[in-house]
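Same chain, two partners: subunit A is paired with subunit B first, then with subunit C.
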Partner chain A sequence: MTWYLFQLLLQASLMTIFVSAISILAGLVFAVFLSAMRMSGNGWLYNGAGLFISFFRGVPLLVQLLLIFNLLPIIGITLPSLATAIIGLSLCTAAYQAENLRGGFEGVPIGLIESAEMAGFSRVQTFIYIRTPIALRLTFPALVNEAILILKSSSLVSVVGLVELTKMAQNLSASTYQPLPIFASAGLIYLVINLTVAFAARRAEDALPGLPAK
Partner chain B sequence: MTDSAISIKNVSKQFGDTVVLRDINLEVPRGQVSCLIGPSGSGKSTLLRCMAFLEEANAGTILIEGEPLGFVEGPNGRRKQTAAELRRTRSKIGMVFQQFNLWPHMTALGNVAASLRRVRKMSRKDAEEKAMAQLEKVDLAPRAHHYPSQLSGGQQQRVAIARALALDPTIMLFDEPTSALDPELTGEVLNVMRTLADEGMTMVVVTHEIGFAASVGNNVCFLDHGRLLFHDTPEKVFAAPRNPRLEQFLDTYLDRGAFLVQ
Partner chain C sequence: MSFDFAVIFAKGPQILAGLGVTILIWVVGTALAVVLGFLVATARRFGGRLVNTALMIPVEVLRGTPFLVQIFLLYFGGPYIGLRLDPITAGLLGLSIYGAAYYSEIFRAGYLSVPPGHVEAADCVGFSRVQTILYIQLPEMALLVLPPSLNMVVILLKDTALLSLITVPEMTMTVSAIGSQQYAFVESIVVLALVYWGLVELANALGRIAERKISKLRLT
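Now for the complex of A and B:
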């Protein structure tokens, strides 16, 4: 195990962080849309969102990634492996985050929505400016949990050919015959990334102003 | 235009089998303070919420400044107002809640400025200037950048009043505005309301503060079991109650007053 090999792992970990961060954010935006669909009062939108969530929560991420990777070319779409990985991870995390958000949206006190109504907010404005920010704050710890899960699940995207931390570790161990130090290093890097995320989240949580009264 | 700010005709309301309001008729005069009093469960909060269409009456009509609230009469009977029509009628009303209902993710200033920006489409600068002026009126300019969780209950309620006033309503509805406050904080909120009354705001106040109703109210409505039993000036209601149920209700307050006199 040399410094050079470790540097290669560190470089690959940047790809892990990049793919995960984009997927978590895209998944969050998508999850808010799914929540909006479920609260729209429209049966088609409600069931569409429900179907989406059931599928992406019920099918293993590895299978989803392989499906997307093999399905898209058949319908004439060829995407680089980076895009495929981000799409797969985003869709999966969106389903989980939508479920988390549901609890958050249900936790928004009805009085806060009534006061928005009386202040002249439309339903859409109430959703954007009142419900969503409060629901996000209520579900922030769950969001952090999901972020850490996605950081670890991103190791699966190696199956679509993206070289991130796990794939790099596999490649290096195959070429150097030193699996133990290399996978130990990779594990250590994952651990440091996730501890950093958890620490930063704790600090952010303390700084987030006012949650609704318990 | 009628003479009344709010005109309530034959309003009834029930939740399932429970009748909460029975055939209420009430004219709320412009520029006056009308207090709704009565025991818990008498329907006074429900009546107030009907005046904002936060509750839907099962029967009857409510006119705000002469315009129908919630329902409009059409050629094919009454239909529900569209969201935009309802917002237009409601824009005349400011509402203050028992639990303040400030948005916890916005500062005091943000709470007051939010509707100016989003509903009135004012620029951020103009909205915050106007919001600051409203906060000054309730003596809270120094707390403008505090979040609701950093304010006392009395301060939160004053911010809520400033928020409701920011949209220049002609009518203010108060739903037990001091019931969640201790006596000391109650005083600061009642003072703000007293000032507002002196300025000639039309106010409807659901309250257990009999002292406030007696000294600031221009007329007092006594509700019991969903019926409007008594509606008169505070002098008539408090000095010489002619209704046995009203007398019984007020006795509990007199007992407390008698204790203080001794």
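Now for the complex of A and C:
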């Protein structure tokens, strides 16, 4: 295990961070849409969102990635492995985040929604300006947990051919016959990234505005 | 584009064998993880500060690194330190240790939820430590511990799919191999996804029944 190999792992970890960050954010936006579908009062939209969430929470991410990777070319969409990885991870995390947000939306004080209605907000405006920001604030700790889960799950995107930290470690271990130090180093890098995210999130939580009173 | 599921279903017995390995590793791995996790949490609770810190480090490392990296380290790195395991043993061991880290945190939260007064009261009437754990602390934490434990059972089922990457002949490996041989890869993955989905929803349904039953017992 040389410094050069470790540097290669560090470079690959940038890809891990990039893919995870984009997927978390895309998944968050998608999760808000899923929540909107659930609260729309329309049976079709409600059940559609429910089915989506159930499927992506019920199937292993590895199988989801294999499905997306192999299904898209058949229906005529060929994407680079980076895009496939991001689509797979964001769909999966969207389902989990929607489930987290459900609790957040339930925690929005009813008085705030009523006062928004009194002030003449439409339902869509109430959703965008009142419910969503408060639900996001309430579920911030769950979002951080999800971010750490996705950072770890991003190790699976190697199966769609993207070279991130785990794939790089596999490649290096195959070419140097040193799996022990290389996978241990990869694990260490993941650990440092996750501890950093957890630490930064605690600081951010203090800086965020307080929770609304019930 | 045309889908031919018949070639997949023709391999029914092979798929069932893979499903059997998945369920075997899932059930045995989860059971070991629960027991080991409980022992770790109990040692951390009663073992003093040194034991607590010494066990905290591996738990945090296991929770902070991907399961995939852990099993690669165990399966491909193990032989270099004399730990030569066949895939199923390595997978079972990896899943149990990984799950144990999460279960230990669940039980740790459980221990913290039991009011100290109850433990002291048990002490006063002459309960031994084992009796206190079995008759006071475990029943009192059951309601709190059950939902995250059941959640973890489902997570561990889905994580068994990763064991295909260290050549454990479980369902993902078996079915995707059939798909490649029969030139029906997408079909095989669709079947795979549906079987996992069904299993997870079944586990969730059983979990909901268990939760309802236990909440009626009024343990606290």
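The criterion applied here is as follows: the second predicted complex is superposed on the first by the 213 of 214 C-alpha atoms of A that agree within 3 Å, B and C clash if a C-alpha of one lies under 4 Å from a C-alpha of the other, contacts with A are read in each partner's own complex, and residues count from 1 in each chain.
What we mean here is this: a residue touches a chain if its C-beta (ideal position, glycine included) is under 8 Å from a C-beta of that chain, and two chains touch if they have at least 3 such contacts.
Computed from a predicted structure; not experimentally measured.
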>> After the alignment on subunit A, I want to confirm one thing: do subunit B and subunit C clash, or do they fit together?
In response: fit
>> Under the stated touch criterion, name the partner, subunit B or subunit C, that contacts more residues in subunit A.
In response: C
> In the superposed arrangement, which partner chain does A:S115 touch: subunit B (first), subunit C (second), both, or neither?
Replying inline: first
> Where does A:Q7 make contact in the superposed view: on subunit B (first), on subunit C (second), on both, or on neither?
Replying inline: neither
> Where does A:Y190 make contact in the superposed view: on subunit B (first), on subunit C (second), on both, or on neither?
Replying inline: second
> In the superposed arrangement, does A:N47 touch subunit B (first), subunit C (second), both or neither?
Replying inline: neither
> Which angle, in steps of 10°, is spanned at subunit A by subunit B and subunit C when each chain is reduced to its C-alpha centre?
Replying inline: 110
> What is the contact status of A:I134 with respect to subunit B (first) and subunit C (second): first, second, both, or neither?
Replying inline: first
> Thinking of the overlay built on chain A, is A:T176 touched by subunit B (first), by subunit C (second), by both, or by neither?
Replying inline: neither
>> In the superposition on the shared chain, how near does any CA atom of subunit B get to one of subunit C? Answer in angstrom.
In response: 29
> Which residues would you name on subunit A as touching subunit B in one complex and subunit C in the other?
Replying inline: none
> Touching subunit B in the complex: which residues of subunit A?
Replying inline: 109, 111-112, 114-123, 125, 129-130, 133-134, 137, 209-213
> Which residues of subunit B touch subunit A in the complex?
Replying inline: 52, 54, 83, 87, 90-91, 93-95, 97, 99, 101-105, 107, 114-115, 118-119, 147-150, 160, 163-164, 167
> Contact residues on subunit A for subunit C in the complex?
Replying inline: 54-55, 57-64, 66-67, 70-71, 74-75, 148, 152-156, 159, 166, 169-170, 173, 179-180, 183-184, 186-187, 190-191, 194-195
> What does subunit C use to touch subunit A in their complex?
Replying inline: 1, 60-61, 64-70, 72-73, 76-77, 80-81, 158-162, 164-165, 172, 176, 185-186, 189-190, 192-193, 196-197, 200-201
